[in-house]
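Order of writing sets the chain letters: A, B, C and D. Residues in each chain are counted from 1.
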């Protein structure tokens, strides 16, 4: 069995929780282990969504965010698309564990995505796309 | 998601019900800062009813902790489930906060 | 908000219940009225799926069935694709309420689909497609 | 989805738990026919625990009812929720079956 899901939401952080719930439920359908459906997926997806809304679309109030989910028994691929100009992932990624960063309020989003997912790709395709892959870890 | 704030002894206890994420962290921040303003100095955030926390939720805890320390107070945490513990460990925030396994323990040792 | 879902299953009736559950939950996300998520959608989708599996794919044991779901606040579109040669919907549709048909064991599937959905289309697109549209009726 | 069959007096009562659909109708058919074979003649199917029924599920009820009648018996139905009532009305099968609102009523009037 194979499920592909596409969602489109207005660029508004209040949609994040609902999208996360829908996606996590979809993965629960494939009985992904609990820590993946309750930690890795929700947190990594929230980060990608809030970056897409606040950083990518930013002040473009009529913009949308698209989420594409592709799940099989073995792996989950999440794509988050915004209408922004994109960014350099490597350059923007910081290590929040460094003493100088530890007490900063921001800058943990991309780091958590890399920690919680097996692979992150960023590319442009009529907008900015962040693609995250998670293998099933039992 | 909602926040229940109550006072136990001289400690302000905040229960985070549901998610602590970009959509609601501002509310938590404001409510704790209001108590700080009123003169409260000891704060305990209890996560027994919490789902997931994103980086902006973590960020709010860090910045509240700093502001409270600047006033001579302290912010402690209790009842992190395994997922939340992992999150604090990944970001090394477990080294920044005093974290208790239970609410009772946190209240006793404050 | 807008959700599109695609599923692919082996041609096996044992998958029907799970697919129905996934789709009905997706519609519940949009708070479709209860009689639609517990009657119209499950029954019409089960009929289309079992026809795709048993009539469309039939003995093609390696065949698949694809399900496409497109939900908004206002309407649901369900497409069920099989690898068969297609069929003439009007000709195959019978009225099971006629005295001669009332005690027959089969022949109620297409009829129920037309009764429970607002619109049914059948066409060919690299296989046989049955498309059903349901408007939200509160 | 499963079927619980028990005997109350001289009536065989079948509880359909979950869906009655193409994937499991054969099991219901076989179990009822086994009872008919053993000499049972009065059957009640109780739908209080049933989700949805598809056309092949309806078909099995129709064909069982016919087979039972041919042996001088009867198949009755009880506890259809609103959705199931709609389904029987749409297909006019409400005219073919004796349908009771409750199990007690069905048992009394058999």
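By definition in this document, a contact is a pair of C-beta atoms (placed from the backbone, for glycine too) under 8 Å apart; a residue touches a chain by one contact, two chains touch by 3 or more.
Please read all numbers here as calculations on a predicted model, not as lab measurements.
Subunit A and subunit C have CA centres that are 32 Å apart. Taking each chain's centre as the average of its CA atoms, subunit A and subunit D sit 49 Å apart.
For the pair subunit B and subunit D, the distance between C-alpha centroids works out to 57 Å.
Across the assembly, subunit B contributes no residue in contact with two or more other chains.
Shown here, the protein chains touch in a chain-like sequence that does not close on itself. Working note: touching chain pairs come out as A-B, A-C, C-D. On the side of subunit C, the complex with subunit D involves touching residues 13-14, 16-17, 20, 35, 38-39, 42-43, 46-47, 50, 54, 96-97, 102-109, 111-112, 115-116.
For subunit D in complex with subunit C, the touching residues are 1, 19, 21-23, 51-56, 58-60, 62-63, 66, 82-83, 86-87, 90-93, 95-96. Here subunit A touches subunit C in the complex through residues 1-10, 15, 18, 22, 25-26, 29, going by the rule given at the top.
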